[in-house]
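Next, two complexes with chain A in common: one pairs it with chain B, the other with chain C.
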Partner chain A sequence: MDKKTEDLIIESVIRQLMETQAQSAENNFRAGPESNSRDSGSSSEPNTLEPMDVIGVENPHNLEALKVMRKTSPARIFMGRCGARQKTASYLNYMADHAAAIDAVLMDVSEQFIADNDLFKVKTVVKDKDEYLMRPDLGRKLSQESKDEILQKGEKGKQVQIIVVDGLSSTSIEANVADAMPALIQGLGTYGITVGRPFFIKYGRVAIMDEVAPLLDCDVVVEFIGERPGLITAESMSAYMAYRPDHNTNESNRTVVSNIHRNGTPPTEAGAHLATLVKKMIDNKASGIKLAALP
Partner chain B sequence: MATQSPQILQSVGIDIGTSTTQLVFSRLTLKNIAPGSLVPRFAITDKDVYYKSEIHTTPIDTRNRLDIDKIFDLIQAEFDGAGISPNDVDTGAVIITGETARKENARSISARVAKFSGKFVVATAGGKLEAIIAGKGSGAADLSRREFSIVANADIGGGTSNIGVFKNGKAIDSCCVNVGGRMLQIDKASSRITDISEPMRLVLSDLNLELRKGDRISLDVLRRICQRMSAVILECLGMIDPSALATQLLVTAPLRLNYKTDSFMMSGGVADHVYSPRPNMTLEEATQYNDMGPLLGNELANLCRTEKIPLVKPLETIRATVIGAGAQTVDVSGSTILVDEKLLPFKDIPVAIPFVDGIPMDEATIARQVAQSITSFYESDALEKIAIGLLGEQHFSFTDIQVLARGLLKGLEPLVRKTLPLIIVLESDVGKVLGQTMRALDSQLNIVCLDQLVVAEGDYIDIGKPLAGGTVVPVVIKSLVFETKQVE
Partner chain C sequence: MNLRSQIKDQIFTFKSLRDLLAKANEEKSGDALVGLAAETATERVAAKLCLANLQLKDIYENPVIPYENDEVTRLIYDDINTTIYNSISHWTVSELREYILGSKSRQNDLLHISRGLTSEMIAAVAKLMSSMDLVYACKKIKVAAHCNTTIGLPGTLSFRNQSNHPTDNIDGIIAATKDGLSFGCGDAVLGINPVEDNVENYERIMRALIDLKERYEIPTQCTVLAHVSTQMQALKKGIPVDLVFQSVAGTESAHKGFGIDKAMLTEAHEMALKLGAATGPNVMYFETGQGSEVSVDCHHGVDMVTLEARTYGVARHFNPFMVNNVSGFIGPETIFTGKEVIRADLEDLFMGKLHGLPMGIAPCHTNHMKADRDDQEIGTMLAAMAGANFFMGIGGGDDCMLSYQDTSFHDDASIREILGLRPAPEFEKWLEKWGIMEDGKLTDRGGDASIFD
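This part shows the complex of A and B:
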């Protein structure tokens, strides 16, 4: 075989290989169904990923058993493999979920959301996202303008103040608050508990409630805050609550209900449950471990 | 809350069968199994059977019916023996099994037993629940969960065999057939027949045998009868093609058998002899209990061997039903619910299912379908308590919940007018928010709104008083779905 023929063969083999690769990559993207059962981090997420709730193991000994076990955990199990490595679809899902998590942290809660939910917006002393991530202490202090605005637009002396805080996932705030907050307000209403006008705090940490309560002289603060996103979901929200929090409050005084999202505790049901918890706090003038220790 | 200590429920199981009556006491542990920061989730985490009664012969009166007074003396003696007062009992079940003839007075017995023992005791004389309870007590349900397989359990008693089929721990099918070890009673001293039950006459005519009370029976004839009855059990289990006799003996509809059973278990009094058959059994051994139980077990074991049926040993044989009744009947609802405690307990509430394919998110449609589903149950002037079952795991926005609440209130207007309670049983975890939303619409309503429960059309539901500081209620769902020929 001369050099020229050899080159030709190599060239054609490489071309073929590249074509097949491109094709299979395309197929991988096309394979997924239109409706994706996973959380959508944002509307711009490609909807052509393969669903993750399928059994990827080839020729399983007991498929029924795998299906039952698959339902017990949202973790990446029974994804199948190719040799010693994960399949392309698993990897793409991983990359997409990672991207959604990063988006959840870095994006801002939209003005539209704040308007739709009848909130007004205030801010901590944090300047931008970078400072927010690097200086947790600053996320616990309200700026002077914000304090003034809260006193002006908020309501003093109500029993409960609801605050919405971006925390580490703006995505989760946009996904859950519209369902959880009205359920909570309705529940508190059936108990005859008064609620001040809710507002949104940008660049906030959990302990920001310690500044809010003394300012508005309320009994209980319910703080909806975005949880640090993971690869299972970027939409998980927590509700932190405390009875008369102030600068002496420590973490054991806070009660938390976490994992509020559509595949965890449904946001509407969480809101109804929070109403009962808040009533218990007001009745017993306690929160955190003191409340948990009550019979 | 999260740190709440577990609650112990005192449970009683009473099984009044054709041949034997038994009783067990157990302690059920109710515990929050969710991690601290999550919404609580209560479950029964431990079942400790700590007292098992003697196996008593069921008292029968001269007319061959259950002797209620003697049965109560016996139950009282066992309560005394265990040192337990009926007031201490939180939950449990009374199961009255056996052939129809002896069930004539079963109803009066259930009422009396329920009054006798505790706050939330279920009484039943129906085939399906018994079959499921026996399969839970024998360990068949657990085996199917552990091995992710389909397990059938046949509980063979004196007058009936209850068959329950389980997949991944859940009952998927059941039937009840008149095959039992005491359908022919024989005096062991004289080998003379002392009693022939009605279903036994069908077996005899199938075999062209003419036997009368007082006849002396031979081992050969007894063996032929037992072989035929063993075949009927395997026919009902779908292991042999069904015969006309099997159809005649079935008390309920047969198993659907649209699945493949992986393994089989036998429980009940006869089962001991299935798992330890005796070769060359004599007539004296066969009739040692004045019936044919041991020989039926022996012949069933032989037939299973010939038919190569994969038999698995149960945890309990003769006690399977009573242990199931004492430790496995009660379930708990989801932990975020809304109940008016003063209304509870409820017993035998029929369930209506208004929506088959998910809930339409339109107030008028919801109202219309809900109204329809309840009118099919009662004439409007004779309205009674009824539960609305809402199936499916669905995501509801707050707006959806409001639409649903308004639709339900409109559809259930006849109940509201008669100040009957609104009983809603949801599969999705939104019981509390739906209850609160209905209450916000009308603060005078009596509401019991439960979630994380699956019910079906034709079920009956019992709901007990709240446990664990009001967070959950105990429930028993009595499914009658598969019972089309049930006689009571």
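This part shows the complex of A and C:
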């Protein structure tokens, strides 16, 4: 397939999805933590964090120079100081970003999200979040009940199996999958590629796909997984793919599209792009560096 | 070698020295992950009791990885001064601990016995020390080193200005570097981790750092933390390289995973001396961290502290300018909590210093560990009290390229003020010339990067 056809398909998938999303956008606005607050302070505006690009240096020698430099890096610079310490505003910005990262790692993907996206939920042998973080080896093994459930509710022998895995950021899964997954499924449909019923795996690592593919006898697994959050964003998701992965698969056999989030590769665009990658994998019976090395 | 000990009515028997060394460790997730950790608190103390009564020759005669099988073991043993070793080989680990902590032992005494100690002996004694023991012992040793300038002099604390950028944008790197300089950060080195590891990109970043250094006549050294093989290409191309960087580990197989071996490090060191731009004699910059062998599955059943000590055995062979420990960077599967990372920082600082190394520390954490800014700041204050030569410095403490948290430019300036420590002497003069510092404190111009424009 040439680049032009690929672009056309991506474009049409995105257009169709935008239309559906516009309709449901209003209904999707979720109530924030405000509903929990006891005293809403009625009419006053809420306190907000200072924007990250504020120059905090007091009486600078050359404010214009600082403004120009400020645009060149997302680093936390030109924040000013009180004594040798950070000012309150930049301190709180850091705390807020770190809190978002911690929440992304420690919170679970919600039941509502799983229901809304028509997934069913299974789990690895990991017991809890602490064990998940300390024992990457256990995050690569499905529990026996989960295997049974996948065989019962999933579909064997389809060409592609999509799995959604919490990984290190539940936030990124909730922020991106609802856009990326439909775009991917629609794109695969355009190519006439069959897709098994997608499901969610709790406490999973990337290599969990190596257990899924042999179980369902599919050609390609597409795995959406939350990336380790940084302070710049906690919403970044990756899509890992492999052709017929199993326990002999190593990392170089996987193809990855990372940095999927609203300020990176937008999820809808990513989903459509993934469909073209999957098509290429099926056509060439390959993934990872083997696929990349093809002309 | 007696591998049995009794605590109250429980008798413990350990399988080997390797098993004993692992079980004597304070709790860390990486030792548990590979199944080496003590199973109960009492077993941990029983192991310490056993270890305290071993003689240094028991450790010498039972290398944790055989001499024949591992070039790191060979390097450590071949570098030992046998006369000094023979004079203390009958000491127990407990006696070694008390000698180190004893009032009569000063830097020279400790650096003398250091030449007779294998890395495993140094690891063993660290396992018998509490946090304050480690700080107390660390404080006795401060080894200075000279590249273009000297860092690690008594009463000084230096910093690496680590102004990384997520796309290696030169203007962004320079902007953030200037911010750090205006806080007094950069006397150890101006050092950038590149996103893309190739000689063209290395040259682009290195030239920008050198331009900055020359334009403002900054008394310091520059480095770009590419793979050592990239830096060797740069040296061959005639690019002015001050410091050659490489991450190192405690086993030959982990080095293979890093794409290095002793021969390559030796060649890089020789090239840096022969072709490099710095005055020297110290021209190498190493980074290490507990758990790196676990993360590449090359630990050979040896615990993280012992492997980290062996890493310092590698480093001291190459007479480095800086050894920086980044134990908090590796992740929760090796070090899980703030307590674990602070313990690791102090152990590593101690073990590095007892190897006679010019040690610094990056008391840091990733966002998927149970550690936060408070742990990181506590680690920094303790390591500064313990006499670390240097820390990192990053805008706001957040590395926007490597996605982890480390000491900020603000922390750097603060810790100097809290403990009355000064920059490297040449660098302090430079800061005074620019009106950034007066009597060891930031002036009103401090923290204003636009003074350079």
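Basically, the second predicted complex is superposed on the first by the 214 of 295 C-alpha atoms of A that agree within 3 Å, B and C clash if a C-alpha of one lies under 4 Å from a C-alpha of the other, contacts with A are read in each partner's own complex, and residues count from 1 in each chain.
One rule holds in what follows: a residue touches a chain if its C-beta (ideal position, glycine included) is under 8 Å from a C-beta of that chain, and two chains touch if they have at least 3 such contacts.
Just so it is clear, the structure is predicted and the values come from calculations on it, not from any experiment.
Novice: Applying the document's definition of touch, where does A:189 land relative to chain B and chain C: first, second, both, or neither?
Specialist: Touch status of A:189: first partner only.
Novice: After the superposition on A, what does A:275 contact: first (chain B), second (chain C), both or neither?
Specialist: After superposing on A, A:275 lies in contact with chain B but is clear of chain C.
Novice: Give one of first, second, both or neither to describe whether A:266 is in contact with chain B, with chain C, with both, or with none.
Specialist: first
Novice: Now for A:254: first (chain B), second (chain C), both, or neither, which partner does it touch?
Specialist: In the superposed model, A:254 contacts neither chain B nor chain C.
Novice: Once chain A of both complexes is superposed, is A:65 in touch with chain B (first), chain C (second), both, or neither?
Specialist: In the superposed model, A:65 contacts both chain B and chain C.
Novice: Let me check the overlay on chain A: which residues of chain A are in contact with chain B and also with chain C?
Specialist: 62, 65
Novice: Give every residue of chain C touching chain A within the complex, in rising order.
Specialist: By the definition above, chain C touches chain A via 29, 32-33, 163-166, 169, 171-173, 175-176, 178-179, 183, 332-333, 336, 366-370, 372-373, 394-398, 400, 403, 405, 408, 410, 413-414, 416-417, 442, 444-451, 453.
Novice: In the complex of these two chains, what residues of chain B are touching chain A?
Specialist: 1-4, 36-39, 147-149, 168, 336, 338, 395-398, 401, 428-433, 435-437, 439-440, 443, 451, 469
Novice: State the interface residues of chain A toward chain B in the complex, per the touch definition above.
Specialist: Answer in residue numbers: 62, 64-65, 68, 178-180, 182-183, 186-187, 189-190, 238, 256-259, 262, 264-273, 275-276, 289, 291-295.
Novice: Which of the residues in chain A come into contact with chain C in the complex?
Specialist: Interface residues on chain A, with respect to chain C: 57, 59-63, 65-66, 69-70, 72-81, 83-86, 90, 94-95, 97-98, 101-102, 104-105, 130, 133-137, 168, 228-232, 234.
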